[in-house]
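Only one structure is covered here, and it is reproduced in the block below.
Note that the chains are named A, B, C and D in the order they appear, and that numbering of residues resets to 1 at the start of each chain.
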Amino acid sequence: MLAYSSPEEVVFGRSKHPVKCGFNVVIGDGEVIPEVNFTLPSVKVCRDNLREIRKLFRDITTRVLMKCVELSQEQVVVELEHVFEMTQDPQFGAVVTKDIKETMAEFHEKYGLRSALRVTVADIRHRTRPPRMRNGEEVEKVFESFRMCADAGADILSIESTGGKEITDRAIVEGDVEAILFVLGVMAIKDMEFLWREIVNISERFGVVPGGDTACGFANTAMQLANMGMIPRVMAALVRLASVPRSYIAVKMGAKGPLKDCGYENPAIKMLCGVPISMEGKASACAHSSPLGNIAAATCDLWSNESVQDVKLLGGDAPEVFTEILIYDCRLMNAAAKESRAFEFRDLLVASDKYLDPQALMLDPDLMYRAAQIVENVKDPYHQVVETAKLVVDTISQETKEGRLRLTDSERRWLGKLGDTVYNIPSDWSEILEHVEKRYEGFFLMEEYGLP
Amino acid sequence: MLAYSSPEEVVFGRSKHPVKCGFNVVIGDGEVIPEVNFTLPSVKVCRDNLREIRKLFRDITTRVLMKCVELSQEQVVVELEHVFEMTQDPQFGAVVTKDIKETMAEFHEKYGLRSALRVTVADIRHRTRPPRMRNGEEVEKVFESFRMCADAGADILSIESTGGKEITDRAIVEGDVEAILFVLGVMAIKDMEFLWREIVNISERFGVVPGGDTACGFANTAMQLANMGMIPRVMAALVRLASVPRSYIAVKMGAKGPLKDCGYENPAIKMLCGVPISMEGKASACAHSSPLGNIAAATCDLWSNESVQDVKLLGGDAPEVFTEILIYDCRLMNAAAKESRAFEFRDLLVASDKYLDPQALMLDPDLMYRAAQIVENVKDPYHQVVETAKLVVDTISQETKEGRLRLTDSERRWLGKLGDTVYNIPSDWSEILEHVEKRYEGFFLMEEYGLP
Amino acid sequence: MHELHLLSQAVLEGKEDEARSLVQNLLAMNVNPSRILNEGLIKGMDMVGEKFRAGEYYLPEVLLASKVMHSAFDILKSRFVDVGIRTRGKVVMGTVKGDLHDIGKNIVIAMLEGAGFDVVDLGVDVDSRTFVENVQEIEPHVLGMSALLTTTMPYMKEVIEELEREGLRKRVKVIVGGAPVNERFAMEIGADGYAEDAGEAVQLVRKLLDVEVG
Amino acid sequence: MHELHLLSQAVLEGKEDEARSLVQNLLAMNVNPSRILNEGLIKGMDMVGEKFRAGEYYLPEVLLASKVMHSAFDILKSRFVDVGIRTRGKVVMGTVKGDLHDIGKNIVIAMLEGAGFDVVDLGVDVDSRTFVENVQEIEPHVLGMSALLTTTMPYMKEVIEELEREGLRKRVKVIVGGAPVNERFAMEIGADGYAEDAGEAVQLVRKLLDVEVG
């Protein structure tokens, strides 16, 4: 049974199972909270300049939190997303985690500011090619990094895991939809199970919250390529919705949310099991353009800017500036909720973008709900993925036929191609495995996915 | 008679007298349109690097307009706000104007993008100290710059004029409220009359739209100082609302709107005479923080980012990034209007911030309407200013007493001081003139304001 | 000639078997191999490029056509041994150390190859030593570096400095790209060029090598 | 001593007449002028500073108190002629060429003066010649430059270069501030320090001159 009995019940700021963490933050309990993400300006990250890096992170955090105080924002989530080197050298990531957390503690003490820290470890496993996902040094580093950051003060653990990305990175640009669906329905699933079993273990051991994962490396890669005109938008839309079963695995293994911002597949998972979710839209234009700036907010519990580097703008440093923008976006949603207009407001967020782009259409709560139902009702993940893909093709076809969604001729042509593929895809994934093994030989290692 | 018979009738996107200009842009005719403002990165502006500067402006404009095309934004207003040197050397400002306009023409031709160009000339008259406002080289340059930019393709002319700022810059930091009100009610009025008579003349001669002026140099200066804790917020609020009579003069002299973004006094003027207005709020965090991010949008016709320099962010260059944010903010408001929920949405924008800060409270449409009524009913501008100031003190006192607005003790103390001043201010401004002449001796020239 | 037209069409439509057998037929008909290459295969790729720029084709179709062209060209190749075919230029590409992003780089490589350049891909997370050694060995006309992170872009400068130390800087044009990079940064670190996207990268390499546009 | 306490209080409350007559009384009572200065006037300004940092006072109150202190100090001044009063240091300040913003600069000046520094204000739109000439003439310990525009901040570098050309760079500490400026930029152009706001500017000047805090 889904956590909600209809898509009409799902709205921003409110989840069935709120998460309490950090300095008294409660996520999904009636209020949308900003999740601020920032990264360094153009500096090298290495032990040599550890002092500079630590100072930078402390400074940025201070400015972000001070902005919250200035604008009477009571709760905030801060995300530290590791760059490569911070996971590669777990001590490095941990010390930065500690610095940020200490700064948050100071603000809690001094101003009563309620804050929580999400630490997102880098999935450095795909550093080796073909990637070693279960064995070897990299995976050890990843887990060690989780442990050390949890110990150093992280409140929420996340990762943008990459199981199968070594194939989809090529399959997406080559339009090999069969391979994409195979990865999302088989390989990524197996990797998520492996990875999240351990992350949940670690979280329990250290008493922190296992947050969630995102299909960033698949769906957001596709979105970026579609933005650049490299691949059709309908294909990016398909990758988007077909990511739901994969990212759901984290929760099945014990993740509690808040799911991670760049997972646009999150609403379906919230509908499935009631975990709070983070989403990013217009305020993440600092990190990437997107054709779904408002609709992304429809059911969010945290509202994020994804990532902004610390450069100076006239009104302050960019992280402060985006904190302010997030705060006002949240204030508006929360004002609607307070006046019992949350559902009407959600509908406006949806109406704003629903037909701007097929990818935005995917974020329509009605469609998300149907994707959630597929995951609920179809037994194995591979068939969930295939059915979701069919849902995408059918929905876009329908909306196009009825004139609400406008597609170029080339998009239409591709929609036809996608339909051909998903309606003729083998029911037994082992048939695709042969194709994948041949076409992507040398790109991946079967045993690293527990494949025969 | 006011243009609207109640504050309840005034809403974003719709004005009584829409303005048509540029490539088929119609402002205030049912849709909120983004007004994108950008400035150069850290480069020197001089004849030596005219080529680089021109290329930069062309490039930024191209990227901004391309972002509109990508996100199916049909109308956009671009603002070129002169830096000092562009007015000082009118040919310089004109050539950049022409470049930008040509780029807009290309996009209109190629993509059907509807755009209009606002050129805001720098008020370089306050370069000399004491400033020569009516005589001398600077004022000639200002008018010449208007003429040349109008000729070069500007669709809308604006200025952030500074008559009296040579006094308020000191009066604000010294808390000399009497002098501030004298400037806003007498000196600034006289200067606006002088200046806008000629700007309207020029506009008519060149067939362009005389846009409007803003009290930026007074009220936004005060807001910035309040943000930094230098002056009380209640005082900044007072300067804000007391600017209405001053900025209204532009319209009285023939300006047609859209009034300029940083004039938070604009809603009252829209109420007075139905001109469309530009406003800035959360999306102008790139230029300055503000305690009124959402409420500022309640009655806007253009929605602006005020100013952003051309630096690189991960998601693109900052002007593109803020164009995207503006577009989505506008889409949301326009979605509300389309679903006949504009008024409800406006109320949420108001509810979001109304009690966040006394300055936000000033933007409440009800209060703005009462300020507009004062301007309508009180004969001379000086008394309009005084009555508006009383309205501010009374309203804040009332809202504080009833517990909706919370003020610190120091703010309360200052509110008392302000009340003492405005309720005991001489009814005849010539009495204040003596005080001003003495205290600000050497700061200003009486004859430059037509003062005896 | 009808067969040549059919060949370009086969490339355009990504039909490998058809393209290969058309090449064989044309050779059997004693058509000049240069003509088969230029009026058949390259003509086809030009049509693909046009469609891509017009938004009618996407990358998968470009890559497929490119694959068909190469496959068909394999049959022709031996006929050119005597005359020797000049490639348009050699390029070495990699994503810099600490950075694991490779899609952007791969697209640039694919586009360059489609445009007739020889490209050697050093992969991701490439350190300066590796860049320098490959420049030394391969002697490319152009070295391309990609970075997707603010924290890895400074590494581009190190590579350029290393090239200078090794006296190789003047022998190769260096170009850079990636989300946090812009022209200003490229000039600051002493690169020869910056490209906003893959299409621009191809133009840039052409310009730097003064190769005429196909 | 009760009268000294009343004097600090008069400064704190911005009562000029009261402060002046208290100073006169104290002198008549033969209280040591240094004591009047330190335990009366400066003590009062310290209390003002505290209230400002705590958000209880605003700039108008600080400026008023500062005015009262100076006015009362005028009466004391002659008594110090023999011993000579050491100012905490000399500062020259200006907004750079092309930039007409002066409020930020003025606030910094007011705060510096309040903290006991001698400040010469060169105004706005100041060219490098003027900065250099004033450094030469006035021989300040610190030169402060302000810029509010991205397009005027590069001018700060020119001033520093001009100081170097004239051999003056080492004789003066250079500090910079303003909306588009940050620490990184300050270091890049070779300034000695950057301050985020007026309060920081005072701390910075103190640090650079190694003056003990109040």
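What we mean here is this: contacts are C-beta pairs under 8 Å (C-beta built on N, C-alpha and C of every residue); 3 or more make two chains touch, one makes a residue touch a chain.
These numbers were taken from a predicted model, which means no experiment stands behind them.
Peer 1: Where each step is a move between two chains that touch, what is the least number of such steps from subunit A to subunit D?
Peer 2: Each step joins two touching chains, and the minimum needed here is 1.
Peer 1: Using the average of all C-alpha atoms in each chain as its centre, how far is it in Å between subunit B and subunit C?
Peer 2: 51
Peer 1: Once you find the CA centre of subunit A and the CA centre of subunit C, what distance in Å lies between them?
Peer 2: 33
Peer 1: I'd like to verify one number: the distance from the centre of subunit A to the centre of subunit B, where each centre is the average of its C-alpha atoms, in whole angstrom.
Peer 2: Each chain reduced to its C-alpha mean, subunit A and subunit B end up 39 Å apart.
Peer 1: Check each residue of subunit A and list the ones that touch at least two other chains.
Peer 2: 39, 41, 309, 312, 314-315
Peer 1: At least two other chains touched by the same residue of subunit C: list those residues.
Peer 2: Those would be 150, 180, 185.
Peer 1: What is the shape of the graph in which nodes denote protein chains and edges denote touching chain pairs (line, ring, star, complete, other)?
Peer 2: Contact map by chain: other.
Peer 1: Could you please write down every pair of chains that are in touch?
Peer 2: Contacting pairs: A-B, A-C, A-D, B-C, B-D.
Peer 1: Which subunit C residues qualify as touching subunit B in the complex?
Peer 2: Touching subunit B from subunit C are residues 150, 179-182, 184-185.
Peer 1: For a test of understanding, state which residues of subunit B touch subunit A in their complex under the given definition.
Peer 2: Its residues touching subunit A are 39, 67, 70-72, 227, 281-289, 291, 293-294, 307-309, 311-316, 318, 320-322, 324-325, 327-329, 331-332, 334-336, 338-339, 341, 344-345, 347-349, 351-353, 356.
Peer 1: Enumerate the contact residues on subunit B facing subunit C in the complex.
Peer 2: Of all residues in subunit B, those touching subunit C are 41, 312, 314-315, 317.
Peer 1: State the interface residues of subunit A toward subunit C in the complex, per the touch definition above.
Peer 2: For subunit A paired with subunit C, touching residues are 39-45, 83-85, 124, 126-127, 129, 169-170, 172-176, 221, 225, 228-232, 309, 408-410, 414.
Peer 1: Touching subunit B in the complex: which residues of subunit D?
Peer 2: Touch list, subunit D to subunit B: 55-61, 63-64, 98-100, 102-103, 106-107, 110, 123-125, 149-155, 180, 185, 197-198.
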